[in-house]
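Pasting a structure below so you can have a look.
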Amino acid sequence: MIVGTTPRFRQIILEVSKPLSLLFIWDVAVTAFHFYMPIKEPPLPTALFGTALALFLGFRTNAAYARWWEARTLWGALINASRSITRLTLTYSKTPNGPNLAFRESVITRQMAFAHSMRCQLRGQNPRGDISRLAGEDIADAAMQRRNPANVILESISGLYADALAAGRIDTIQQGVAERVLIDIANAQGGMERIKNTPLPNGFQFFPNLFSRLFCLLLPIALVETLGIATPIGSTLISLVFLAILSIGDDLTDPFANSVHDIPLTAMSTTIEIDLSQALGRPGPEPLKPDRGILW
Amino acid sequence: MIVGTTPRFRQIILEVSKPLSLLFIWDVAVTAFHFYMPIKEPPLPTALFGTALALFLGFRTNAAYARWWEARTLWGALINASRSITRLTLTYSKTPNGPNLAFRESVITRQMAFAHSMRCQLRGQNPRGDISRLAGEDIADAAMQRRNPANVILESISGLYADALAAGRIDTIQQGVAERVLIDIANAQGGMERIKNTPLPNGFQFFPNLFSRLFCLLLPIALVETLGIATPIGSTLISLVFLAILSIGDDLTDPFANSVHDIPLTAMSTTIEIDLSQALGRPGPEPLKPDRGILW
Amino acid sequence: MIVGTTPRFRQIILEVSKPLSLLFIWDVAVTAFHFYMPIKEPPLPTALFGTALALFLGFRTNAAYARWWEARTLWGALINASRSITRLTLTYSKTPNGPNLAFRESVITRQMAFAHSMRCQLRGQNPRGDISRLAGEDIADAAMQRRNPANVILESISGLYADALAAGRIDTIQQGVAERVLIDIANAQGGMERIKNTPLPNGFQFFPNLFSRLFCLLLPIALVETLGIATPIGSTLISLVFLAILSIGDDLTDPFANSVHDIPLTAMSTTIEIDLSQALGRPGPEPLKPDRGILW
Amino acid sequence: MIVGTTPRFRQIILEVSKPLSLLFIWDVAVTAFHFYMPIKEPPLPTALFGTALALFLGFRTNAAYARWWEARTLWGALINASRSITRLTLTYSKTPNGPNLAFRESVITRQMAFAHSMRCQLRGQNPRGDISRLAGEDIADAAMQRRNPANVILESISGLYADALAAGRIDTIQQGVAERVLIDIANAQGGMERIKNTPLPNGFQFFPNLFSRLFCLLLPIALVETLGIATPIGSTLISLVFLAILSIGDDLTDPFANSVHDIPLTAMSTTIEIDLSQALGRPGPEPLKPDRGILW
Amino acid sequence: MIVGTTPRFRQIILEVSKPLSLLFIWDVAVTAFHFYMPIKEPPLPTALFGTALALFLGFRTNAAYARWWEARTLWGALINASRSITRLTLTYSKTPNGPNLAFRESVITRQMAFAHSMRCQLRGQNPRGDISRLAGEDIADAAMQRRNPANVILESISGLYADALAAGRIDTIQQGVAERVLIDIANAQGGMERIKNTPLPNGFQFFPNLFSRLFCLLLPIALVETLGIATPIGSTLISLVFLAILSIGDDLTDPFANSVHDIPLTAMSTTIEIDLSQALGRPGPEPLKPDRGILW
């Protein structure tokens, strides 16, 4: 996620400078050609083309933004539920005896491992290191034998509650409240996997790109007769508007892409680790700082 | 669902080549006719027609996309709830004795059968084979005697919990937590049947198709006077924009249609089967691979 | 709800033929008048009028569609909750002794009666026949003495659970799970009554109709100078677009109107009756078939 | 809420006649001035101004409608929860002995008082009369000593359940189910207070009014050269469209304003009183009838 | 939040006067230059630029408004849940003995401290003073040692319930109902932190500002040929529309910014303190009054 101001500007210039240069060269070429061999093109089709395209891009950007915000909200739900399962666990193990301390230690470190595992799975990375660091080798081994390691961690937290029930430290009502929170966590997990695995419909990706590029190619031809020598400037400017709206939509479609436009999963899973460590009375890691204007 | 890149391109060309050729022939015919017998048509009505139509198609695409995403979200809810009922069942049968092992085996395989049965029912296929393969002949026989086989499977899972309660292996609180998950499953099931059985309102299907086609027919007549010999190119391009937006909306309206644009139910019910099999300690089937860029 | 294809087409022609004929006559009259006494009107105000009107109609159609889909979703929630209360009741009365069989019989038939009663109440029909057929004369008598008969049925189902609790066949936890489902049913009922009793705001009904009609009247006057003899065709076509968008919005605003555009409540309450009858081990009624392309 | 048809028409004419007359006079003045001292103004800026303004008004109307519908939905949630707490209370006090009858009487009349109190608080009226009429002087005294009287009523219902628990007539599980319904009621209450206390953002109120009025002033100046003597008619018509969309948005922004455009709180709190009285076996008041086309 | 009317007007004039003056000077300069050295620019690109930009700004304003309203709704959820945890606590401690009075005192004052702490954290202020004033030095010390002080307060409320359970004053079911409310509070807290920490995507902030400013610079050049001496007025007016829509979007993007456009957190946390104090039978502080038309 882009958070800084200065590098943001430089980065935007880097991003758009290449397509803008190509566009400008094309616009100059069309203008030059026009002065050698004048063509006649009325303004209407471009206006109609442009209006329809702007509407289409507008609705698409709307849909892409809703996806991105839903992704962020789902990770937020994971943060909330991580705190809630921690609060419940502390409350259920309030008397600080041996089994209680072991219980809260296991549940809360596994919940940290769950958050890091989700981050890795969503970004296509191997979660083994984080799971074994936080929840131990045994859980890491069991998790990596399954298609979805995070599921194993969640099942193991549920198992810790079953053990506490069997030992008489909690009753089935308290187990039920905790299981409802685990269901919330599973729903957040599934929602994020849904966004990861289901791209925007093909037509929302292929056609906007095709039409925007076609529009930028045709625009100087339509404008050159009336704009004359000013065509490259006018045409490049309007093309820039359309390409910018197109790129905003593209940037938002994959919120777990591990790119500068994604959701800062590393920062947020570190936040979960800090909050949960501090609830266990430990200092926790340092919060992640933005790296040249980008929070990962 | 279209996931590949290369075949996607070829397929789009195949899809649009026929209407595009017809449009182009019409545009050429109008242009040729114009040079024999010039007609005079002002640009205004086309601009107004086009703007109103673009807005109408935009709102329709918005509604169709919301349907499609709701369908995907509901199937996602089924995935989440399948994992949750599995996690609960494992937790409630943690001591690995005979009745517990039989209980978890029955519940989890029936939940797999439920997912496959929903896939078949939504796509108008016979779910008998999948139900009998996973949950046994008895359940399959009982399921097929009812209008809605998936309902029978859900009732039978509820019945397994009632048996566990009667045998004293769980208490009513644990049953209650599980029943809440079954209610979530029933809500996801009913939501998908709602989308399947309730098409977009008639007016959202008939009029956009009628108006888009009329618009494409009228466009060259309106443009030919000003565009002259370039009419076929200009008219075909703008028509393509409108037909593309129309087809995107059409593709998204039936997300359970068993077409290339639908939601990949086969892949997703296989994912449920893998996750639940692995939770039972079995390997599970292979994940479904895309077939020439299409995930079914 | 319109489901067929052939009658749909014939019906649409019937619906639009009268306003279209009137429009066409008006357009011809304006054109004829123009050739006798030419008037001069610039195109601008019509373009601005048309764009603003198209936007307004677009947002209105959006709101009307959301209402219609919310109505359908709420009835879907009633279907889901009907199945859930049935599944719970079967589970809670799993031992097939006398009181249990009577309990499940009473609860499930009353739930069928509830669905039919909601259908009648939403459509302004008398629910007495359906209630007495399914739940017996006593319930029907009690229900008809109140402003809202469906409420009585829901209270009586709650009362059956209270009886089962008093007799020791269920405990308060099981009662609580069932009461949560009854709360879901009450929420769906109240939501449907809200849509029934609260029309779209007055301004969303009066002004779009006024402006669309004014626009259709003014359009030929604005077009006749440039379109000449082709005015009736051009003007009627564009008017058709605006009237069609207007009528789609009007059709969707009252989803419980017992018209061809409403939600098929009869078919859906029959589906509930079939599913619940089959859960009781009975054949249930035949599913409702579309009648000349209309499902009621 | 406007429900009638005839008075609606008369009322709309009354509402719009004054601004329309002023506009028409201005349009005539501009036209007259034009014929004495011709000015030259191109159509473009008005078209661009009008399109941007129409879009802005469209999105604003959308937001205002969503507020209004949310307000209606929240009051609907209060209706639903009133029925649910009534149903639960009847069920928990099924044996008709003295304490049970007193319990159901107290809970249900206080819930009626809650609905009326909410109505008064939202409309800035004094709820004392309604509370004391329904729930007695003691509750009314206690309620009026607090900033938010409805809160006191809700706390007193919760207290009645606590008393029933202390007397052993219900257990903590049944109390928990009832408390969940009271939480739903508190959420609906808080949601309505949120809409009441948080107007649309300042910029959504000030700028649309400013721009629409400016647009209406400038329109005849821009049109007069091309429309000539027909300017007052054309300009007034288009201004009417913009002013109508503006007024629809304004009417919907304050759904608890006690104006003709608000939500009929009096009718709906009377409906709650009828339903709950009948559940207690009493006739209840008469339903509120529309008064000259307006339901209050 | 702006609530007054008179100062609102003055403040808006102050806000827009500087950019408007600059714009006007630029528009006059362009016009003056035009009369010395006439340039020729056709209207089309500006119309297309303006339409695309208006659409883009419209969708952006929509997204910004949704964020702002979600923020307000989440704080509303905190108000509702504060009342619910208060109501539950009063009910669970109905017998007015020593431990019960201490219990309700501690829970309710800590909930007040939670609200004030959230306000400070969202606005980047130090919550220590408010926490220590309401919940005591011990809680304040513990809270300030953690990254997120509000979490500590919530955990301590949960701990008070655990103590009440250990002392036998409530049972696990009553604890479970209260914990569900604490989960609602944690969800509201997390949602507000999400909005605070996740700005609108970079592209939604950078490009609208860039394009709107470019548009205002280009507009007089495009208009001057047709508008002549009236250019500064026409151009400034249209620029004002675009800049106003831009600024509305900007004002809404950061609802916790402690600016005049934010959500009145101070007023709302004071409201929570009043309501909860009065529930404890104390007068509570004075409600916050708007300060020169601004409620903080």
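Think of it as A, B, C, D and E in the order they're written, each chain with its own count starting at 1.
In the analysis below, a residue touches a chain if its C-beta (ideal position, glycine included) is under 8 Å from a C-beta of that chain, and two chains touch if they have at least 3 such contacts.
Source: prediction; values computed, not measured.
Peer 1: Treat each pair of touching chains as one step and give the shortest count from chain A to chain D.
Peer 2: Step count on the best path from chain A to chain D: 2.
Peer 1: At what distance in angstrom does the C-alpha mean of chain E lie from that of chain D?
Peer 2: Computed from C-alpha means, the inter-chain centre distance equals 23 Å.
Peer 1: List the centre-to-centre spacing of chain B and chain E in whole Å, with centres computed as mean CA coordinates.
Peer 2: About 38 Å, centre to centre.
Peer 1: Tell me, which residues of chain A touch at least two other chains?
Peer 2: Residues 47, 51, 55, 58, 62, 173, 176, 180 of chain A touch two or more partner chains.
Peer 1: Looking at which chains touch which, would you call it a line, ring, star, complete or other?
Peer 2: ring
Peer 1: In the complex, go through chain B and note every residue touching chain A.
Peer 2: Touching chain A: residues 1-3, 8, 12, 43, 46-47, 50-51, 54-55, 58, 61-62, 65, 68, 72-73, 76-77, 79-80, 83-84, 87-88, 90-92, 94-95, 171, 173-174, 176-177, 180-181, 223, 226-228, 230, 234-235, 237-238, 241-242, 244-245, 247-248, 251-252, 261, 263, 271, 274-275, 278-279, 284, 287 of chain B.
Peer 1: For the complex, give me every residue of chain D touching chain E.
Peer 2: 40-42, 44-45, 47-49, 51-53, 55-56, 58-59, 62-63, 145-148, 151, 154-155, 158-159, 161-163, 166, 172-173, 175-176, 179-180, 182-183, 186-187, 189-191, 193-194, 198-199, 201-204, 206-207, 211, 214, 218
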